[in-house]
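Here's the structure we're looking at; comments come further down.
Chain nomenclature is as follows: A, B, C and D, assigned in order of appearance, with residue numbering initiated at 1 for each chain independently.
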């Protein structure tokens, strides 16, 4: 039987992601974040829901828009913020930054700066789980724009042929950078999956409980050895492609519409309706705020990453 | 209305391909052909039929198994043999060989040593035809094994999005090198095409007239600006993947079955049934034999390719 | 520099109907760095074409289009992503003229930005031009100024063979005059940025500016370094380097790319042969150390070559 | 050499359940060159895995598997096809250890054959190892003998970081002893193939044999050339080359790859710096000319470097 995700836990995860990203937005505007960052504000339900279906042995390959996946996967906020701010205590020592947050001991195989590259990596992780008999599964998140990359097609085909425990999760937010993805990809994901004989499910990506249930069902099928699955979550990108994106290509209406589908508001309302006390929600919100504030304070206080530590970091230290 | 291909002309083309390739098989066995060659014996109806639907302005991107496409496209036999034998008079000066026979003035954009690489090239040719308003179309041949390459997926998607006059022709011979392609590709071509909203037609690839008709229909649709098409021709690879392939992976039955579907025998029988005189067929056969013999004699007599001519061949000569 | 590129593209589009642009978000959005801003409005979506995220097909389509009468100018958004387009670039574009016996060339241009300085991290900062210089059939240029960016891009588009124009991201914002009627810059010709008699510094792209800064530092110490901007990396101007070396007798080669197996290796190796008799000191290279490009500002600053390191190299070869 | 590779793979598979092989037709068919013959029968289709024609996914899957506890050994059938696998190799495998802050390495091996001599034409003959040597995070080895092919492959599979094993196609048929209990060969260590005092010839892969032939030719003229087989290209044994140079004072670097921007450029450039004081003559390189690899036998024979060209280079540097 499909395990039910705890709705309050889902909300907690989403709150943490939202708080973390909105804080990053402010930090970015203040010039405290190096490089560029892609926020998943509005899409939190997908990360929270999918990761709620996973166990510690499972693997996740993420995207350039990967903060939510990392946090939902349990990457410690301290290490996360320190990484995105480029501090020595970052989970990757400040060498990767936003687009490369990884925590291999938690099966978080990394955000990825290359669109589409997560899918073959997750494919390989699924293969490893199968061969090693870990019972684990692998998830690759990808965007609707990424479907145009050959890597997606090769990965789905291989997973199908090999019947690997791979879940491909499309975060369909309608955009690929500055273009509507329906001007870029001719295939619907359902027809595409069907062509390979791979079951596809679509879910409201703004409904964490629905995502969690769909993911749990898919993951159980994977664990039963039934071969790969595709899960498509329709959701909305609230903000620009990256922070600082003036979004000249997007009319105000679209952005407003996006904000009308707040997965957090939805989850909150459902919890209240189910009788959860508002105070419990306030507590969760405060917890998220405090955790993020503490992580930011920690990151700010942390020493800058040092080149002396990094310079020999491309290879394993020579044995001696 | 769809133009009818002349059945005798189709037979002539197939005879030429068959004669040429069987001669190459002998030359190869005798050590006269450098490198390795992939013969399309048994698949002649696809090349002949598809190319019968094309005009001089159209473009064709071919594969490693490209002799038939080149000959059907009208590449002169002299230059063809001289190329495959590595002579100076080869259509590519002996620099390319079997896997790179090209004749750009005939819209033959080349055989290709990279599986799947022809599709994006043909995509670009289709784009050029569209932008330049030539009325031309582009054809990419590919094998059933090539469908596993990301390039196929990217190309079909782009052609669909841009509604380009691109015909993707799959020569489905059941094999990808030494493996059955159904162990390699999970998607059927019809479902795959449908996922992109691209019309797919399947045709008996051993029936030249049927291929010609299907291709003509598709090409007319392309010329009408209706967007790309996929044509799947089921056929058989009679010989090994390459000449000299011991085919340990293939049982005798399969090879025998293949030979039971001889497109030439079929076309011959149909012509006889339609009242064409046997003498006319003998004449066509003799013609093919003679043309091939003459081309081989010419190639043998031609001087070897010379390095002095080739060494500055990577770039256009400097203007002076 | 972005304006200079934009102007070169606009003029090429206006002059030759065979020129088309294709790339991700280059049309309606004007390109990720603004290099193609306004061009789709002016020349239409057919000729200034937004593509899906399909680098392999973009490059392959450029090859097919170039073989069929167009002069495509493709953009790959970051040079790091040419990893996805290498087959079309290397196995198809670069080889077609040769392997088809000289029937026709492949007049395509690939524009792609390299380089760091923006904390863009290990997958958005690489300088991979040495790969492409190693591929017979390709040409590679890398402008250091807006005027060069304009002129080299025009030369690239006019060239009958495939040319990769490597643009340094950190220079996109650089201001600089492009004359109203600019002189063409032939591919393969270097320029002396600053003359000097004590040592030659050969550089390209962003490193040209570090090299001139280094020359200023050195001048204060009485060392007159000559700075050469290669402009073209393949072919590169061996005669100009040799000529300079034969006056200065000392050579330093600087670039932003990883030092090991980088472009500088070829320059140094050639001069250790053809220029051997002119050398009065070791040939030194200044390039990035052998790690991926790090993200954090402090790390990236330590990682990237700069004027101080170039000046130190000049001092060492004069030792 | 193919038997030596086969033995190394078989032993690694037998010793470590984490080792798996993947590639096109490597299983049931035993590999296009027979290197994996019999291994699927012995170790099963799960561990010796036939893949579809999907080089990008093969390489990407190897990265994911290596990050998840396996030691994949991937095969790409011809080195020319690594163009399709560069993202996974360069942007993922090579960078993961560094960009993830040293959390974990990517213990994968890529085996791929390079080189000509078989009239395989421009897309099946390239030597592209210089690209990979330029990528921080990758290691690259290239054996010249069956014994080295065995030992270097074992070292590669044991290595905690990604290693590309470049095998020369023309050497696959080479016979040679592999001892019953072979000594391990550490990555990064060269070997002196033939000692000599007049000049050093540094080579790798097939060129090692041309270099020893050249040394024999030269010996007949009274010139004693020392031949060094690099074995590893990244890292390469700078100390060994320098040591040899400090005895011979003359250097020639030879390889099958295109000379321009090839591996030899790095060796020469380093020696023009670190070895400058030892040099009594120009550093010469012998590599392929700057065209694609031609098909016709006569063309390819003229194109490929050989003993005569290496000997001529040695004579020239001694001039």
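Just so it is clear, a residue touches a chain if its C-beta (ideal position, glycine included) is under 8 Å from a C-beta of that chain, and two chains touch if they have at least 3 such contacts.
Quick caveat, the model's predicted, so the values are computed rather than measured.
Participant: Of all the other chains, whose mean CA position lies farthest from chain B?
Facilitator: A
Participant: B-D versus A-D: which has more C-beta pairs touching?
Facilitator: Higher contact count goes to A-D.
Participant: Please work out the Cα centroid separation of chain A and chain D, and write it as a whole number of Å.
Facilitator: 39
Participant: Rounded to a whole Å, what is the gap between the Cα centroids of chain A and chain C?
Facilitator: Each chain's C-alpha centroid was found; their separation is 36 Å.
Participant: Per the centroid of Cα atoms for each chain, what is the distance between chain A and chain B, given in Å?
Facilitator: Each chain reduced to its C-alpha mean, chain A and chain B end up 45 Å apart.
Participant: Which residues does chain C have that touch at least 2 chains other than itself?
Facilitator: Where chain C meets two or more other chains at a single residue, that happens at 51-52, 54, 56-57, 80-81, 83-84, 87, 91, 94, 98-99, 121-123, 136-137, 290-292, 294-295.
Participant: In chain A, what residues contact two or more other chains?
Facilitator: Answer for chain A, listing residues that touch two or more other chains: 90, 94-96, 100, 112-114, 148-151, 154, 157-158, 161, 183-185, 310, 313-314.
Participant: Counting only chain pairs that touch, give me the topology of the graph as line, ring, star, complete or other.
Facilitator: Chain contacts: complete, every pair touches.
Participant: Hey, which residues of chain C end up touching chain B in the complex?
Facilitator: 18, 20, 46-47, 49, 51-52, 54, 56-57, 59-70, 72, 87-88, 91-92, 94, 96-105, 136-137, 139, 160-161
Participant: Which chain A residues qualify as touching chain B in the complex?
Facilitator: Per the touch definition, chain A meets chain B at residues 147-154, 156-158, 160-161, 183-188, 191-192, 194-198.
Participant: Can you list the residues on chain D that touch chain C in the complex?
Facilitator: 56, 80-81, 83-84, 86-87, 89-91, 94-95, 98-99, 121-123, 128, 130-131, 133-137, 234, 257-258, 260-266, 268-269, 271-274, 276-277, 279, 281-285, 290-292, 294-295
Participant: Which residues, counting only chain A, touch chain C once they are in their complex?
Facilitator: 34-36, 86-87, 90, 94-100, 112-116, 145-146, 148-150, 176-179, 183-185, 248-249, 304-307, 310-314
Participant: Quick check: in the complex, which residue numbers of chain C touch chain A?
Facilitator: On the chain C side, the touching residues are 24-25, 28-29, 32, 50-57, 80-81, 83-84, 118-124, 289-292, 294-299, 302-303.
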